[in-house]
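You will see subunit A twice below: alongside subunit B first, and alongside subunit C after that.
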Partner chain A sequence: MEFDLKTQTVREVNQALHDLPKDKASEVVVNGISGDHNLAVGMDQPAKITLNGHAGYYCAGMNKEAEIIVNGNAGQGVAENMMSGKVHVKGNASQSAAATAHGGLLVVDGDAAARCGISMKGVNIVVKGSVGHMSAFMGQSGCLVVCGDAGEALGDSLYEAHLYVKGKVESLGADCIQKEMRPEHIEELSALLKEAGSDEDPYSFTRYGSARQLYTFKVDNASAY
Partner chain B sequence: MTMKQPGLIESATFSRDVIHEIQRAAETGIYDIRGFGAKRKVPHFDDLLFLGASMSRYPLEGYREKCGTDVTLGTRFAKNPIKLDIPVTIAGMSFGALSANAKESLGRGANMVGTSTTTGDGGMTPEERQTSKTLVYQYLPSRYGMNPDDLRKADAIEVVLGQGAKPGGGGMLLGQKITDRVAQMRNLPKGIDQRSACRHPDWTGPDDLAIKIQELREITDWQVPIYIKVGATRTYYDVKLAVKAGADVIVLDGMQGGTAATQDVFIEHVGIPTMAAIPQAVRALQEMDMHRKVQLIVSGGIRSGADVAKAMALGADAVAIGTAALVALGCNHPKWDAEYQKIGSAAGFYDDYHEGKCPAGISTQDTELAARLNPEEAGKRLANYLQVLTMEAQTLARACGKSHLHNLEPEDLVALNVEAAAMAGVPLAGTGWIPGKSNY
Partner chain C sequence: MCGIVGLYLKNSALESQLGKLFEPMLIAMTGRGPDSAGFAIYGDEVSDDMIKLTLQHEDEHYPWHMLAEKLEETYSTPVSVMHNANAAVLKMKAEEAPVRETIAEFDPTVRIMSVGRSIEILKEVGLPENIAERFNLAGMKGSHIVGHTRMATESGVTMEGSHPFSTGMDLCLVHNGSLSNHNRLREELEHKGIQFETENDSEVAAGYLTWRLREGASVKEALEGAIEDLDGFFTFTVGTKDGFAVVRDPIACKPAVMAETDDYVAMASEYHALSSLPGIENAKLWEPDPGKVYFWGKG
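Up next, the complex of A and B:
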């Protein structure tokens, strides 16, 4: 099935995607994309969707089941609140990639901007380039893998998300600390790198996580907030 | 509190309440966190009066002539607008802050009188969806429990940008209320504080919000209305931007609105009174030719049918109740007074919702306490209360000669004092003077 956004609307495409059968993996190609917002949002089918061009905001938002490939860059909030499935951005991603996402895998071949994985709730994110400031802010669970560098305040107010960074970290946010890389973490990271199609050496990464000092409000910690 | 003795003059500046708070702060080193809404007296609907009909207006007969109460919400874009029998809805309150039984009671009560109820920060529970005929799903900054399946099950989506009790502030569900189920719904370990962010994580302004609203519409195939909820502050501008962003319905929550757990200083000192906010919202809508096209739901301290009628006369399409609904269920009921005393409070004063020890079984996750609330009985009490609110509002509307609550208008109102006249934009009683608008 093919669509062309030069002649069709986002509404028409999304409705057709929502009407796809839930019991089989349809293949869909969307051409003519030029920064259109809200592409392939709300998928609940195991379809393989290829988006040829640069996507606007919230591409693949709330994805379930589908495998969505963006042959270009993705705008703000790509794969926001994703539940399952896979989103692969072949270019760069803008800010708030995979914000609040509960599951699935987001792969960004290039860089992701600020607040990548903000408030992540179970999603796995692999960024082959670098991420901007405040990434994984209030991250609850899931993994953020950064093969390049991380900006300021990485993992600020982190809960239980696992952060793996290969390059330099500009600074750590409140309550985020460097942690020991144990065998189970190497195993977890290796699996994610493999799934993302990366040949990076898992032993070259550093793990970061929550110091768990801000888990309950204490007056003694007031200066940390 | 000791009895006042002759010759002892209490300071107006350093009242016993103020002294107590200074002493409490000095002892604990932390600000006061509590539930409930604002307790200070602010200009309110009580400062307005209706001009019943005599000669120049023709009243309708009570108990005989019809006064319509139905309202349709979300007529701007949605394929399936919400149709309610009464214009009093239940405001968003979370499972987590409230017990499952309390949430079920709200649904049952709302169903009985043909109105809607609303989810909250904890997401949508299956019980809530099952027991609520019309359910509004809140899309909150924390996105706890947010998922597209529930989004598609909702009858409307309410994008929450602010709350009347704490515009600009987030929330904190303290660890003691985090049971296994609450923890599971929110993807967080049991027993730790859960913060609700003060801002949405994936947009930074009204232009982004317009795209976000379009996303929600696309996911739901444009079926259901999108509400935007704002705390009453810069209401005129917020309403204009909400309309531009594509809202079907605007929910305006005044400073008297309730909360589950917020700093007292926030509850009492941020935001503007509900009565003062409505005219600003209506002016913004009218200037955009959107009044009645984008519906306005008003909340924050609504207690009686008079409040309902006055809010509607000022231009609201419907109202929402939160704290009053909890009181109707049994919050602060005298029958629990001994238990309130045991935890340092008293019936009529209890506001420590965040501690999870609610003797009435409402703002708690303790299974024994929660079991005290019978959803069928509590639901019936809420339905009774909603019915009374509606009948009271109808009575007042008929007296003003109105055959539908929506026909009430500012012309039906006067103010008891200059402050209320200026805020509500209605004349001071006995005059034609509206401060700032007309010379008398």
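Up next, the complex of A and C:
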């Protein structure tokens, strides 16, 4: 199935995507995209959707099951609240990529901006470039893999997500600390890099995680806020 | 919301196409701000002993030649007038302050949009597409341009509330966001002699810059001060005679994306406003860091 947003509306395309069968994988290509918002939102089908062009805000939001490829950049909130499936952005992603996502995999070939993986709740994110400030803020579970650098306050107020960064980290947020890379982490990271199609060496990454000091407020931590 | 766009040409061969390159950028931001739009274009610079004023009046057929005659008489100097819709650009040998006074005395309903050697500010209530057409944006030439599409939040939909705001000779500011300490700051700035024409929070930011520049700060220093003293959310783009600056608040809630090639530097609130630029596929793209002043241009 093929669509062209020069002649069709996002609403028409999304409706057609929602009408796809749930029991078999369909292939869909959408052309003529120029920053349109809310593309392929709310998928609940195992379809493979290729978006040719730069996507606007909230692309692939709430995705379940589908594999969505963006041949371009993605705006704010790509794969927001994803539940399962895979979203692959071939260019850069803007702010709040995979915010609050519960599952699935987001791969960004370029850079992701600020707040990548904010409040992540089980999603795995692999960014082949760098991430901006406040990434993995309040991360609860899942993994954030950054092959480039991380901006200020990485993992601020982190709960239990695993963060792996190859490059330099501008600064760590409150309660985020460097942690030992144990065999199970190398295994977890290797699998994610492989799934994302990256040939980075897992041994060149540093792991960061929660110091678990902010679970309940302690007055000793007041200066960390 | 609100949309901001800016384009600074590094390659002077493109100057004749500035308006044509910029028009789709401004129109692309309609979704972020459909109630008014405006732009500040830099080019057609006058010599050091002259000034250029952009004036506007509600009356499309305002007799600008009468105002020009008054200025010619008062200052014994020729005044050239160029009409553009309900605006006019005047060029003359004179100082800014007395000319402002003369215009206010002649007719207080004439609005002074900008004063400088290079800047022209044109803005209006309505859809960005209509405003671009009205002022023939596509046909304009220049070295750089800053624009804004407004979705009014802090004050009403009026011509005065639309951006850019002039902040001094050849300087202007456009704002996406909202300031939370603008009332108190306005009072403080009024005590320092800064005048405000609207209830708009962005005008307070412009007034703040005017004050800092008046105190002798550079554009970069004034913007660094803004990061300290303005509370709230903002992405600002500031036009200067020779370039433009971009700054976001330390939390950087309001979006901004930059693109740079050998030919130009461009900024926009959303990427799709940049997608019509030539060579964008291979441009260096990034989102500006929070609390950091970026500046392009000379000086």
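Just so we're on the same page, the second predicted complex is superposed on the first by the 225 of 225 C-alpha atoms of A that agree within 3 Å, B and C clash if a C-alpha of one lies under 4 Å from a C-alpha of the other, contacts with A are read in each partner's own complex, and residues count from 1 in each chain.
Heads up, the rule we're going with is that contacts are C-beta pairs under 8 Å (C-beta built on N, C-alpha and C of every residue); 3 or more make two chains touch, one makes a residue touch a chain.
Bear in mind that the values here come from a model prediction, so they are computed numbers and not experimental data.
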item	value
Which of subunit B and subunit C A:Gln76 touches, first, second, both or neither	both
First (subunit B), second (subunit C), both or neither touched by A:Ile125	neither
Touched partner set for A:Gly151, first subunit B, second subunit C, both or neither	second
Touched partner set for A:Val30, first subunit B, second subunit C, both or neither	neither
Which of subunit B and subunit C A:Val169 touches, first, second, both or neither	neither
Partner chain in contact with A:Ala114 - subunit B first, subunit C second, else both or neither	second
Per-residue contact with subunit A, leading partner among subunit C and subunit B	B
Subunit B versus subunit C as contact partner of A:Ala196, first or second or both or neither	neither
Which superposed partner A:His54 touches (first subunit B, second subunit C, both, neither)	second
Footprint overlap on subunit A, comparing subunit B with subunit C	37, 56-57, 76
Residue ranges of subunit A in contact with subunit C within the complex	34-37, 54, 56-57, 73, 75-76, 91-92, 94-95, 110-111, 113-114, 132-133, 151-152
For the subunit C and subunit A complex, residues of the former touching the latter	28, 31, 252, 255, 257, 270-273, 275, 285-287, 289-290
Contact set on subunit A toward subunit B in their complex	10-11, 14-15, 18, 37-38, 41-42, 44, 56-58, 61-62, 64, 76-77, 80-81, 83, 96, 99-100, 102, 115, 118-119, 121-122, 137-138, 140-141, 157, 159-160, 215-217, 219
Subunit B to subunit A touching residues, read off their complex	28-30, 142-143, 146-149, 151-152, 172, 174-175, 186-189, 192-193, 195, 197, 201-203, 208, 211-212, 214-215, 218-222
